[in-house]
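Down below are the structures I want you to see.
Both complexes below contain subunit A, partnered by subunit B and then by subunit C.
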Partner chain A sequence: MRVAVLSLSSCTGCQYVLLSLEEYFYTLIGENAVSYAPFLLDQKELPEVDLLLLEGTVRNGDDFRRLREARQRAEKLVALGTCACFGGVPGLADMVSEERMLRMRYGEGATFEQAPPGVKRLLPVDAYVSVDAFLPGCPPGEELLKDFLKLALSGNLPSRMGATVCSECKVTASPPSRDGFRRLLSAVPEDGKCLLEQGFICMGPLTRDGCGALCPSSFGVPCGGCRGPCDEVLLPPFQDPCLETLRRLARATGLSPKAVGEQAKDPAHSFFKYCLAEPLLRRRRPGGTARFLYRLGE
Partner chain B sequence: MADMVISTVTRISGNACIRLIRDEAGNPREAWLQAFGYRGFDIMLRGSHADNLVPVVSRICGGDSVFHQVAAARAVEECLGMEVPAEASRVRELAMWGQLLERHAVSLTVHSLPDLLLPSSDPSLRNIISIHRVDEEVVRRFMALKSLGTLVLREAGGKAVHAVNVVPGGVVRDIGEAKRRELLERMSEARSLLVETARLIKLLLRRNEDVVDSLGEESAPCLALAPGDGIGLLGGKAVIAAGEGGERVSLVPGELRASIEESNSGHSHIRVAQIKGVGDVLVGPLARVNVNGGYGSELADAELEELKAQWGFPFRRVMLGHAARILEMIHAWEMIKGLLEAPPGEGLRVTATPAEGEGTGVVEAPEGLLVYGLRVDGDGLVKGLSITAPLQFNIGSLERCLLEGARKAGAGTEGEARVSVLLETAARSYAPCIPCALH
Partner chain C sequence: MDLAVAHIRIDGERCVSCRECVEVCPQTRDSQYPVYAWGEDGLPRVANPESCIRCLSCEAFCRARAIVVDSEDGQGWRMPGDPRAETKCRAIF
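After this line comes the complex of A and B, so read on.
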């Protein structure tokens, strides 16, 4: 197969996973014609390809042009990584308008003659072009990517369906600790026990599986939601990641959801870290954009 | 005469283009590295709880993720007066050296090796996939060094990209005894590979001496952390050294942050960082060895002596950055071994009650100093955040090098393709990290 890898605005982390596939990397470059991958090859123009792995988000007109070209020249287009699938962490910038962000960074009246026009809103790539398959993950783990590529390169694109991180988590469910709402900065969770039940914000119940629940199971760190929202969140009647987590935390702490919500003072960063740009969740964002802008001191 | 534009620059981290501006006679007047698409991490994090700071800043750059995490964590720790336990510092350092090894291996092997190995081949052949087709072994051997770095990073950080082990106050997990032994075993196998790679890079630089010379020298003062006993990634004062025997200025992290002056270049979203009263400074592997005079580890210093004898010291030719990278990989290897062999310390993390405060986090990232400034309020929410990435310091030097290269290549007489190759080679000498600079 003719394969291409294209990066829009991104952290390039997904590329590092591609380079970390060990033996499979050599199989990949040996059995397929990798014809475009700017981090590997000098090829400047994207040729016609059978499979294109696209990572990152559309930040400006340049990214949009490249995405459109990619769609036109690729038989199958795969959104690789949570940025491409749901907007990812860079989607948090959606809290501030592009103009204001540039003003805050570069000062009043700063101009960049050759800068491509910025986008008004950050959106996942499927808001611009049709996408044939999604592989979320920040970044997707090596095994996950390897399995995905094996399937994709044999002509079978895996679907987006999935269970939740909790279904893979090895910690034990325990009676609620009733220790109140807690943050990692000020409290050390008990090992091997459900973090939500201990009063920590863990997005496991609302995050798609596939990571092996590494963070909560092996590190005792709450799930941040880096594989993106699970199907229950993205399909009607659309669960609200913030409200659902607050309800669970309320059960664990014995407080009311409202009381927990008042203590979790950064709803965008805590509940929508990887999916604030996802259009399906726009109406679920607590308080809408205005509240976030207020929190930024506007 | 119309500008010459190389879009996009390939085999670097991120998306950027090079624009060469020429006068009517075709002589290069200015050369720019242009990158657009500032992502606003420092702005979007306002209002975020300190808990969310570390995982979010990690997403600025996959290749330097641990460095962003540690710099941010250190800023939080300074804000709240947290004393990180020694064992946690050790695990963090291991993760950082692991990622440095990985990052340098990618810069050298995937990005720059084809330039050094096949300087006059067709661009379509100048990549590791083509090299792999004719000599599988050489690519595998080089990539083994990248894998070694990834392995250390995965064990110390929990994940190879966007580690999960670093939290404000320390780390959440130690490396188990069995893993420690396994890592040590893997490290011992890498010695000959590193020495061999260093020999090859030195040989290739000698063979490409005309290219090394045509990219010119950088005379700006060097800025790096100077822990006192060689090159380190954490701790010590930041030192600005003007040259051998020249003036040296030492700054504690807070002073360093206060003396950074950022300005717009007008042609790129990468803001230029300079030091007040000094101007442009060079950061990164070359600056680190120039400031510290040596690595502080046996094997790396032995290799350094050989380089000093050939190229003089301090290193001024920008392309020697590649040599500094491989030597730093050797140093990283020795540091990792030392950190793994040392008896485990006590304590992994401390906690703190949110309080108003201000702090600075400074670390040496693979391509230079990374500086975080942070203010938090009484709830532990971020009130202000500033990030200065290595490429912001180096951009002035990089653009001077591009111009020098274009002038030496004689844009009028040689084909555009030749100039284009040279300019991209010049840019890769700095291993520019666009995602970091466009945080």
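After this line comes the complex of A and C, so read on.
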């Protein structure tokens, strides 16, 4: 099978997971013809391919042109990584105007005459072209990517009935500690106890599974939601990540949801860090992502 | 009106014992015939499925997606969603 890896605006982290597949990576390049992969080969033009792994988002017109060409030349297009699937971290740029974002990043004295004009609103890849399969993750786990590639290279694009990170978490929920709302910066989580019940913002209940819940169960770090929202967030009854997490935190801490909401200083970064650009969440009322987005012309 | 008894399935492997299903179920708290009861193994147990009013609260609030409330024919009571969302959810690995 002819395989290619294309990168739009991204950190290229998802490409490098391919390198960390170790032995399987040699099998992959041995059994398949990898015809275009900027991090491996000195090939300038994207040829016609059977399977294209696409990472990153459309940030400017150049990205859009490349994406359109890629769709024409690829038989099957796979959105690799959360940026391509849900907009990912680059989607957070829509919280401020483009001018302000560039000033924040490059300083007050910078000039942007040469900069390519950016898109007015950042969107996941499937808003521009049709996508045959999605593999979210920031980056996708090695085992997950290996399983996906094994099935995809045999000719069948896989999908799985997603549950949530909680269903994979090794930690059993204990009775709420009622210590109040806590942050990782100011408190150390107790090992072997559910982080949500300890008062930390953990997005496990609303995040797609498949990562093995490594962060909450092995490293004691609350889930940030890097695998993107689960089916229940995208489909009816439309759970809102912000309200749901505040409700669970209120239950765990014994405070009112409003009091918890006031203590969660940055709701967009806490609850929609990887999916702020997803248009399916923008429409949702109440508590959708629309209130966090900078509106053009205001 | 469909008066069939709801088929409630609990996946013990997914369950994290947070007790939310028992708390949110309107037919469990202060009910003579509660839908859910807390089992001795630390998992919820369906005690009286005929009390279920199919509000799907337990299914929606379950953080581990361990509960499925289904009809007898296995079709469930799903609301139709956005076609784009359904297509996307079917294609995600």
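In this text, the second predicted complex is superposed on the first by the 264 of 298 C-alpha atoms of A that agree within 3 Å, B and C clash if a C-alpha of one lies under 4 Å from a C-alpha of the other, contacts with A are read in each partner's own complex, and residues count from 1 in each chain.
Going forward, a contact is a pair of C-beta atoms (placed from the backbone, for glycine too) under 8 Å apart; a residue touches a chain by one contact, two chains touch by 3 or more.
Since the model is a prediction, treat every value here as computed from it, not as a measurement.
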Contacts of A:S97 with subunit B and subunit C, given as first, second, both or neither: neither
First (subunit B), second (subunit C), both or neither touched by A:A110: first
First (subunit B), second (subunit C), both or neither touched by A:C226: first
First (subunit B), second (subunit C), both or neither touched by A:T27: neither
Dominant toucher of subunit A (residue count), subunit B or subunit C: B
Residue ranges of subunit C touching subunit A (in the complex, touch as defined): 11, 13-14, 16-20, 42, 56, 60, 63-66, 78-82, 84-86, 88-93
Contact set on subunit A toward subunit C in their complex: 85, 126, 131-136, 144, 148, 157-160, 162-164, 166-167, 169, 171-173, 194, 196-197, 204-205, 208, 210, 228, 230-232, 234-237, 239, 248, 251, 280
Residues of subunit A defined as touching subunit B within the complex: 7-17, 19-20, 22, 25-26, 29-30, 34, 38-44, 59-60, 62-63, 88-90, 92-93, 95-96, 101-102, 104-107, 110-116, 138-139, 141-142, 183-188, 214-215, 218-221, 224, 226, 264-266, 268-270, 273, 292, 295-297
Contacting residues of subunit B [partner subunit A, same complex]: 7-8, 10-15, 19, 34, 36-52, 55-56, 59-63, 65, 76, 80, 102, 106, 110-111, 123-124, 126-129, 132, 136, 140, 143, 146-147, 150, 158-162, 164-165, 167-169, 172-173, 264, 266-269, 271, 349, 351-354, 379-381, 383, 424, 435, 438
